[in-house]
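You will see chain A twice below: alongside chain B first, and alongside chain C after that.
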Partner chain A sequence: MRGRPVLGLLPWALFFAAFGLLPLLTALGLSFFAMNPLRPDLTRWIGLANYGHALTSPAFWHALRTTALFVVVSVPLTLGLGYLVAALLGRVRRGEAFFRAAVFFPATLSMVVISLVFKSLYAEQGLLNGWLAMAGLPPFHWLQDPRLALPSIIAMDVWASVGYYAILLLAARKTLPLEQLEAARLEGLSFGQIERRIVFPHVKPVVLFVILLDTIRAFQIFIEVFVLTRGGPLESTLTLVYHLYERAFYHFEMGYACAIAYLLLLLVGAILLVQRRVLREREAVAA
Partner chain B sequence: MKRASWALLACAAVSLAPLLYMARVSLGTGNALPIAPADWLRGGLTLDHYRALASGGAMPRFALNSLLVTGIAVPIQILLSAAAGHALARGRFVGKGVFLGLAAAFLILPRQVTLVPLYLLFAKLGLLDTYPALILPHLADPFGVLFMAHYYQTLSPELEEAARTDGWSPGAIFWRIVLPLSGPGLAVVGVNGFLTTWNAFLHPLVLTTSESMRTLPVGLALFAQSEYSVDWGALLAGSTLATAPVLVAFVLFQRQIVEGLLQGSGR
Partner chain C sequence: MGSRSHPVVAALAAALLLAGCGGNVGQKRQIVFWQFSPLETIQPVLARFEKEHPDLHVQVEQLTWQSGREKIVAAIAAGRPPDLCEIGSTFLPGLVADSTLVDLTDSVPDLVPQLRGWETARYRGRAYALPWMLGTRALYMNVDLMRKAGLDPAHPPTTWSELASAVARVDAIGPGIKGFGMNSGEREVLFKKFMPFAWGNGGDILDSTLTRSVVASPQNLEALRFYLSLKPHALLDRQEMLDEAFLRGRLGFTISGPWLLRKIPQSAPQLAFEPILMPRPGPNRGKPASFAGAEALGIFRGAREKAVALTLARFLVREENTMPLYVATGNAFPAAVAAAQDSYFVGHTKDRVFVEQLTTAVAPPVHPRWVEIEEILNSELEQAIYGTKTAQAALRSADERIAALLSPKP
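Up next is the complex of A and B:
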């Protein structure tokens, strides 16, 4: 097998280079320029000024804080519920296929569609306030109250993501030998004890992996904000990628937007490294 | 045991209720909120919203654009993934490890990084607001290639070796031996490619400017931006339309979707 099959790589490699790697490197290059596509004559090299601007800009830090808040609340909720649902799915004897499909289906949907449905549920005259009114309660301004908007988005995001992680965690549980569970049951261990002593240690690598996956995903939240709140009210839902989008496509600060993108990339890279370090230390301790 | 079933029934209800609500409103008559629970339990079923969508406005165009983009991008993705995956699994060449590493890194890094450069690239090529701008970025997705490389590694090369000693050309071997054996793997690549292409939002949003070039997700999202007079009936009918192909794919290919997810397909 020499030579020839490599030709098959070429067509995709060209697309990957042109629309993957090249833009990735271009973004790094652009982050050192002041660049407005409407005034190409003013494009100029400014070194690290875009990064300096971002790191001293209250708007950037606000977006970063908002995103971090979203991550810190939504990731534990999503994964905690996902773990619980996976445990339930692993325990149920009848109808598992139906329950699995029902819980998983939302994860395959367009986030735009999900956001639109929730926008109608959260609307001033929407279903949620309709139910509150039926119960004789005053309405909530789900998306208009600066204190409620981010929690409302988080609730929707958790709803949309739980199934995805439940399926990943369920697959990990299924790799546990049934005999081992059966033996534990015969020894008289309760469900809680089996979960803590046998199942959790077994699925722990996957748990750590999905923490990483969901954290990286959550840092990129955009569609929910775009459809539901456009960053408002009072910028209470203005996340990092939404900030990037606004800078690039409303203010045409293309170089600055690329610097924000690379800061996001560095952040995600740092999370990956920390996670890997933690994993390695754990292994060293275990060994 | 019983308790687990009840808890799961509650989960399934919470999971499906918003979608049933969407479909129910889309089949009702009301355009404006409030759409009271009483209305959607008692009210009749009509196709009024769908008829309105079909007869006027841009929704048919959005649907056509989505169908065209997905219908063109996904078959090409499948072929590219098979060819490149096969080359990576069978070939031995300098830089293969680097290539695999780059592709894998691309799967996990935030794609928004490429947003501005892609916009400027397509602007420079004069391709903003065209079908190539909507289709080409999808062809760079590394998931299918990595998945197929893994798939071919688990497939014995014996048949290919035998054909080669019989004097078959590499092209003939690929089309007549490798591809026919690739069905299960390509089904995973195809259905996951369909989901990511059909649901794509940020790139299509940025790379199109005129209403007639919007895909369904972009069209629907911008349709909902008109703050004061959102036609919720039409909007949720459009959302239901955008969901229907996903539901069909889900029913037919759930196993493949899960397999893709376990192998690292994004969402």
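Up next is the complex of A and C:
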């Protein structure tokens, strides 16, 4: 009987080893080689040269800056809106199931589908410019203007992710005992005070989880850029993962692309560690 | 428990064994063929091939334009490429440079006079693929907007100055109407839209030996200045959005491919339009050049069935096997010389314009560093289009960067 749980985990472990661990380790190994996928026979060991090349490449730093900007803007926006939507959903008395489903709906769609829908929405003759025209405003070149392209992608990404995180936060709110809220109301606490003193401390672990999850996801932004802008215009949406995709499949620098992927992994790992430490320290101070 | 799992293990082993027998289906030899056309279009052609060669079976797979390249690269890297593969002319130079494709020169001398577009598949005089379908772009003109602008659509613009004048007059019709569709926001196509003007003006990207950049030539500069002069009257957007705007009757002129000939009757049957040849620099100057691309058939060095793959390739490039693909998809024209005389083009005058345009279309050079050259060209052109560089500065910068790329490292 003791062996049964291990046996039960075996399919998952095999799947993870084949499609998770093995590619991960292979990519790590490749990052130390000059490897052209079209000529695998010419693959040669170059040590840390790919990492050195990335760290001295202006294109890498540009892509990193763009990605960082995306993360810095999209994560707080997603979290803030997600928290607000969860709070509003928590107060809905009628049709809660409908609103929950409506809010969660974008999370059920593939990002490719969402991007294609937004591509028509952002078009010169799209719905968005149609609304602006009705309001007597001139059209915007949402994806053609280098100043607007990244904000447009951020807006779409936030719309697509808010519902998922809102449902997570709502679930956390629902675990708060009603008696506690009733008591707070009887004590005469305002809505803001209840949110700040009772609800937020209660859902804080989930907030932390959402921040970590969304930060990882935001650093990996690729599909949106691939479908909407391909890194343009004027490289204003050239993110790190799109950059590594171009290096791998257009320039056939697979080793270099793997090195970029591992630099991204290290960066995200470091940021997550700092985030956790800072948030825990704050928690300790508050306690 | 142990004895129960035996049938499962046996079934898995049998499945693996069957999967390993990829080379033969029954007694037939199997050719793995990857291509981009819809399966319902290519299947009848392949059925005819199998009828002609009863000992062969073609396992065809449709690649997508979005991820086909990645799939091919991954298959080569894994050492399991298809036996025969459709390859776009902009992808071909990289494959040739890395010696990934079989040199077909000595196997197909008889096909040389029968096919056009060899320049898209040749490197240093050797052919690494068979031209299959050829693509080009022409200028689409909205007939109604021409009339509204007080112009005679029976006399479409044939020179740069006539085009500039027509574009400005159409643009002046009113809000919501633009004179010209200019590509932006997708770097990979920018040079395809500008270079026709440069090629038509006698300009080029590399010299005839493919060792020196000639991007900063006066001919290219004149062409780029002309191209940018259309910008104030242009809608700047991606190709599919420009096509969409043309369909909605919002564009006077746009450069696009033959696929619009199929799309317009379906999506905008009321639209009065004509495809016309690209304009030339002046009445007695230059030529109406355009971009020439090709879908070629290549055989990878790592392919298992090279000989029969060539048999299939030779069959596919025949005129009677390429015309059905063109009629069904309208994306690219048969490379077979005989196809230009096909009766289909007698009744389809709009299609004939593209056949004529192909005669003056120019293919980008097949150069081992083409991916980088293309990237430099596109990024500098993008800066010129967005006004962050002048035409001269953009071309000079492109020239310097390409020269640095081509010069041997010390």
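The rule is short, and it goes like this: the second predicted complex is superposed on the first by the 262 of 287 C-alpha atoms of A that agree within 3 Å, B and C clash if a C-alpha of one lies under 4 Å from a C-alpha of the other, contacts with A are read in each partner's own complex, and residues count from 1 in each chain.
Criterion: a contact is a pair of C-beta atoms (placed from the backbone, for glycine too) under 8 Å apart; a residue touches a chain by one contact, two chains touch by 3 or more.
Here the structure is a predicted model, which is why all the values come from computation and not from measurement.
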| field | Room on chain A for both chain B and chain C (clash or fit) | value | clash
| message | Tell me the contact category for A:Ala123 with respect to chain B and chain C: first, second, both or neither. | response | both
| Should A:Pro37 be classified as contacting the first partner (chain B), the second (chain C), both, or neither? | both
| message | Let me test your reading of the model: by the given contact rule, A:Thr229 touches which partner, first (chain B), second (chain C), both or neither? | response | second
| query | In the superposed arrangement, does A:Ile167 touch chain B (first), chain C (second), both or neither? | reply | first
| So, does A:Gln220 touch the first partner chain B, the second partner chain C, both, or neither? | first
| task | Considering only the touch criterion stated at the top, classify A:Pro151 as touching first (chain B), second (chain C), both, or neither. | result | neither
| message | Just checking: does A:Phe249 make contact with chain B only, chain C only, both, or neither of them? Give me first, second, both or neither. | response | both
| query | On chain A, which partner touches more residues: chain B or chain C? | reply | B
| First (chain B), second (chain C), both or neither touched by A:Leu143 | second
| query | After superposition on chain A, which segment of chain C among 7-15, 25-33, 61-69 or 349-357 overlaps with chain B? | reply | 61-69
| query | Can you list the residues of chain A that meet both chain B and chain C? | reply | 37, 123-125, 230, 249, 254
| Can you name the residues of chain A that touch chain C in the complex? | 36-40, 123-125, 141, 143-144, 146, 149, 229-235, 249-252, 254
| field | Residue numbers on chain A that touch chain B, as the complex places them | value | 1-9, 11-13, 15-16, 18-24, 26-27, 30, 37, 85, 88-89, 91-95, 98-99, 101-121, 123-127, 129-131, 134, 159, 162-164, 167-168, 171, 216-217, 219-220, 222-223, 226-227, 230, 241, 244-245, 248-249, 254, 257-258, 261-262, 264-265, 268, 272
| said: Touching residues of chain C toward chain A in the complex: what are they? | reply: 69-70, 73-74, 76-77, 79, 94-95, 98-100, 184-188, 235-238, 241, 244-245, 248, 250, 371-372, 375, 379, 382-383, 386, 388
| query | Which positions of chain B touch chain A when the two form their complex? | reply | 1, 4-5, 7-9, 11-12, 14-16, 18-19, 21-22, 25, 32-37, 80-81, 83-84, 86-88, 90-93, 99, 102-103, 106, 108-121, 123, 136-137, 139-140, 142, 145, 157, 161, 170, 174, 195, 198-199, 201-202, 205-206, 216-218, 220-221, 224-225, 232, 235-236, 239, 242-243, 246-247, 249-250, 254, 257-258, 261-262, 267
